[in-house]
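Naming follows writing order (A, B, C and D), and every chain is counted from residue 1.
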């Protein structure tokens, strides 16, 4: 909601609107009632090379279909909204910048999840269920977030919950600011995931008796660097935050935030490669829980699945099984999440290049090449 | 079996043994009866920094426990043997080079899969089953290979099926030659997989209306390059094969084979990254088959899951579902397979650096730096 | 010239022109007189986001300024033409595909290098000279190719040397076919360069006593893979060539050629990283030839620059010096050459994605996802 | 010197020595007299797979050859000492950890650069000179740091300047702490370099009219990410510093520092690739200063070297020339510096893996896989 506070101030000051107060009222309401929120930003988008208003089916992006003095009516659908099933309120904001033609698509609001006209269709749980059945692993049981397609069929939104209503020139700013705040939470979640992998990698290599080999150290260094680089950009981003007077908010540094996000997106598959390299083939072929229930098979398995020391066998087995779930059952979820969450690589690259302030770099280049005799600063 | 033919000739000529004839007899037998084989090379290995004979539990590598005039008795276990459940005969060879102390571990033989004393424990089928249930995808249903841990408990092998029996100085050559031949088959399997991904990527991007964007082209170029580089190394490897007179065999070029294998190992996660990048978040959140059975939900889904054109919606849905299975349910299998099959990256790097003939490179370096005045050739 | 033969046949058959005979006549002339050629394809290009005919200055691409019955008059300039100074004839072809508006830019011809109106300005020789002075290294002395900017100021080209004269629809094909043939030569030159680096890397690591360390093997494997992958794509490309009946020519496979070229472009800096990693800091700080002339300093240097064995010291010194020249003095030349020669990465990616035949991949994807029940082939 | 303060406290407290006071006295002396220091840590090392005391020539690492009550006598040589020629005092510390056998190699001290018995041999200046001659570029003229081989031939060091004298168990800590502090300075120098490249890349792409193309944005994002990731790790490292009571010093966080350093080492060639990709072939073939002095050639050059706008031509030329010097003349220096300075990649990877505290990661892995029921913290 910080992004809404930040942007609403700016809209109000340009258009003499009253969004900031609406946002603050909603914010207080959420805090008081201890409500959970989900954020629906990403639209279905149809043909990605057309703008919202150019789509064959106008509902490909959520938009205003009718306005009356009490509120607005919206239709369309948002893709992959995390946790919407479990939350009380859905916050809807635009997914991208808009032009004048896309005016009706420049819309932001909050709405209770159980409002009439809202339908949610969840991603398949099969995979998660597979994991849940397995009594050995905790990871699947504890981490069940479910994404939905969230469909709006002529849903009424009362005026006091409308936070953007056609001011298309602010859609882009709002679309950009939301993830900026959001990425902080993302960092801690990702760091935890990396921690799981670092620990698993270190243990599996130790069980194999090879954790101090040069090649394994290279693998571990990739896992460690992934986590610590994310943490570093998060720290740098808060440390270099700017204070926004209008909204009384500290804004995390956009460049550090984006650099960290892009690093996370681009390097996650490298992390996967390195943990699989450490683990070896058993990450695919480790027998499952049931095989350990047959006592004859169990004896063989406990004998042959030993690594360095017999006593560690069961730990080794569980780590392999859990890593398999992580990579397999939860695989597409984590891969898509790490590569796409909060915007695809291309979108983030574009944003980074646009928001970067090149002036001091250009000064230095001109100075170094003798074009300018002095550095401006 | 070509590797056995090749190596047995060499052992025979050094030790006056009769392995080549045994191998050829077995080969004729297999061809006549049209038997299927599986190859058990990779041992359990326990502590990876100890040699076979140094392990706490001597059974960590398959080895000879007794010899009599009719044959040998072997114990130990082989990890991840592909297709052993479905095959008639198991061919066992050493997983690495051996020293004199590892003499009893220098053993190769063939044995019917249903021989007394052999137990096989399969990798979990849960994942594959998940896929099989899904009536939309073919990929899971058709590709069910199952790896097993194959345990030998004092199994008798009659002499005519024993192909290596303590000649430890040939264990390494055999261990290396087997995969060299094996990798040919691997190439075609991998190229098919890459083809599936190229087609899926091209179609998904087309449905999204973005298949000619610069960033998508970069993604597709990675997929195409993966496949075509593998194919190129395979072609170069047969083209540059050497003919072995002793065994009357064409031996694929070891360097090209290994370079192709390493390329496949090192770059597979990059392929995954690029296909996920093309696909977007729906690869994780696309609803599954059942959601399309409820007619109300189906109407919404068919409307909102459209890309460029309405008529393509169902194709788009199926491709996303199949790609999810590929990445998720079959994920750890493919990842481990692509990164480890036929030897880990470290093992292959070692092999490449050892088998490379540096002489002409060294000549050139010495000439270029003025150490030698002339190039030898 | 093969590209010209190939394309001229096609133009002739569409436009009833007589280019093929002109090309063949020129070809015979070159062979008879044993003339050397240079190829001028890349134009100056000015603003890269505008087409040739849209440029502020029309001379940014070489074009026809006047036509009479004896020939054409051309103006404009070609950038970085290799070896033009030393060659007898310059062959000029278009740098890209053209539209009708660019008609006058669709021009190809051959012209003697000393024709009136042609001016050549060479790239700076300072760097090469630096190397030439150093009596220890051969690499710089022997490899002096010089690129020029080649300027055409209203140069007359007699009709029998004109090979494209406004047939804009063939400019793209010609622009693409030329490098396809050219890249064969490029492969062998690049493989030689890689050989120099492999030999240097292997020797330097041996002198340091570390050539069998895991990390050094990884470095060497990168160098070896670079060379052997290039070679593999070259072999595959000739092996899969298609025979063109119209021009009686074997055409190398375009996909393998491009995949090899892109691999070379994308991975060259990785090669540099690995050789510098092997070499260590002395690649920058190794004293130069003159320091070895002062006998006092020489004694110290010979003592302290020893690696594994005293006798190898001078070899070690020379290899370091030569590698420094290679990376430094010749650095921008090799870097730009390896990354850009025969087309930038973006241009090659575009070409690869366009010329790739996706049909069998799409078939497979549709079959695997249950869209089609059968594979077409 | 902070590292010496930090370590000397620890030695004193174990061995009841008086090093801390010596260090502080030297520190005050340096500050008072405003002396410049250079740091000589890296030894010549000879055979890299042997320890210091195992070398054929004992002088391959600087060591104590004699001790008397007034001081010590040292021999040996240090490689690539930056700025030693221009500095007043040389600080010498061990390059690695030492065992008891290497006792005499566990030595640290400070000594005036002009002391009898010290000889310095500089790296070749040819390249730098090349650049200096070119009146257009500032970069070469202003950045002349010179590395030397610094030879010690039985040099006397008075006791009050000796900071380690055989306490071999502290050699490793000292060797590690020095670069930890040093890397802060390194960060700012590297960030400046990255700034030059960002500015140059942005300008060159603008002159070409392509700075907003997708592929160029990818290139720029690599340059920006390089700089900002370095900055982020530096910020995180100071932010997470620990305060050392013994020496009254803030110690930068070792993990963030090392992660930043490794990132810089591993990715520098990628930066080079991206700037060369942006620049195009002119980075190699841009004519030099002298060609612009001939008025005839100048007219042509000014016409044809224009990009988007005529007025920018001279700026474009200068940027290209400067970038060429940067990549070529200064090339091996920057490459070796970025890849090796303050320790090779292998050494840093080892250090990172050793100093990392795995406990919380291991906790999490055990919890997630059901081995432990609870998280320790």
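We adopt the following convention: a contact is a pair of C-beta atoms (placed from the backbone, for glycine too) under 8 Å apart; a residue touches a chain by one contact, two chains touch by 3 or more.
Since the model is a prediction, treat every value here as computed from it, not as a measurement.
Colleague: On a CA-centroid basis, which chain has its centre farthest from subunit A's?
Modeller: C
Colleague: Could you see whether B-D or C-D has the larger number of C-beta contact pairs?
Modeller: Higher contact count goes to C-D.
Colleague: Using the average of all C-alpha atoms in each chain as its centre, how far is it in Å between subunit C and subunit D?
Modeller: 35
Colleague: Please work out the Cα centroid separation of subunit B and subunit D, and write it as a whole number of Å.
Modeller: Computed value for the inter-centroid distance: 43 Å.
Colleague: Please set out, as single numbers or ranges, the residues of subunit B touching at least two other chains.
Modeller: Expected reply: 213-215, 218, 323, 346.
Colleague: Show me the residue ranges of subunit C that touch subunit D in the complex, using the header's touch definition.
Modeller: It is residues 42, 44-50, 56-57, 59-60, 77, 79-80, 119, 121-124, 126-127, 130, 147-149, 151, 208-210, 213, 215, 266, 268-270, 272-273, 276-277, 279-288, 290-291, 297, 300-301, 303-310, 323-324, 327-333, 335-337, 339-341, 344-346 of subunit C that touch subunit D.
Colleague: For subunit D, which residues count as touching subunit B in their complex?
Modeller: 213-215, 218
Colleague: For the complex, give me every residue of subunit D touching subunit A.
Modeller: 135-139, 192, 195-200, 202-203, 212, 214, 217-218, 220-221, 224-225, 228-229, 231-233, 235-237, 239-240, 255-256, 259-260, 262-263, 315, 318-319, 321-323, 346, 349-350, 352-353, 356, 358, 360-371
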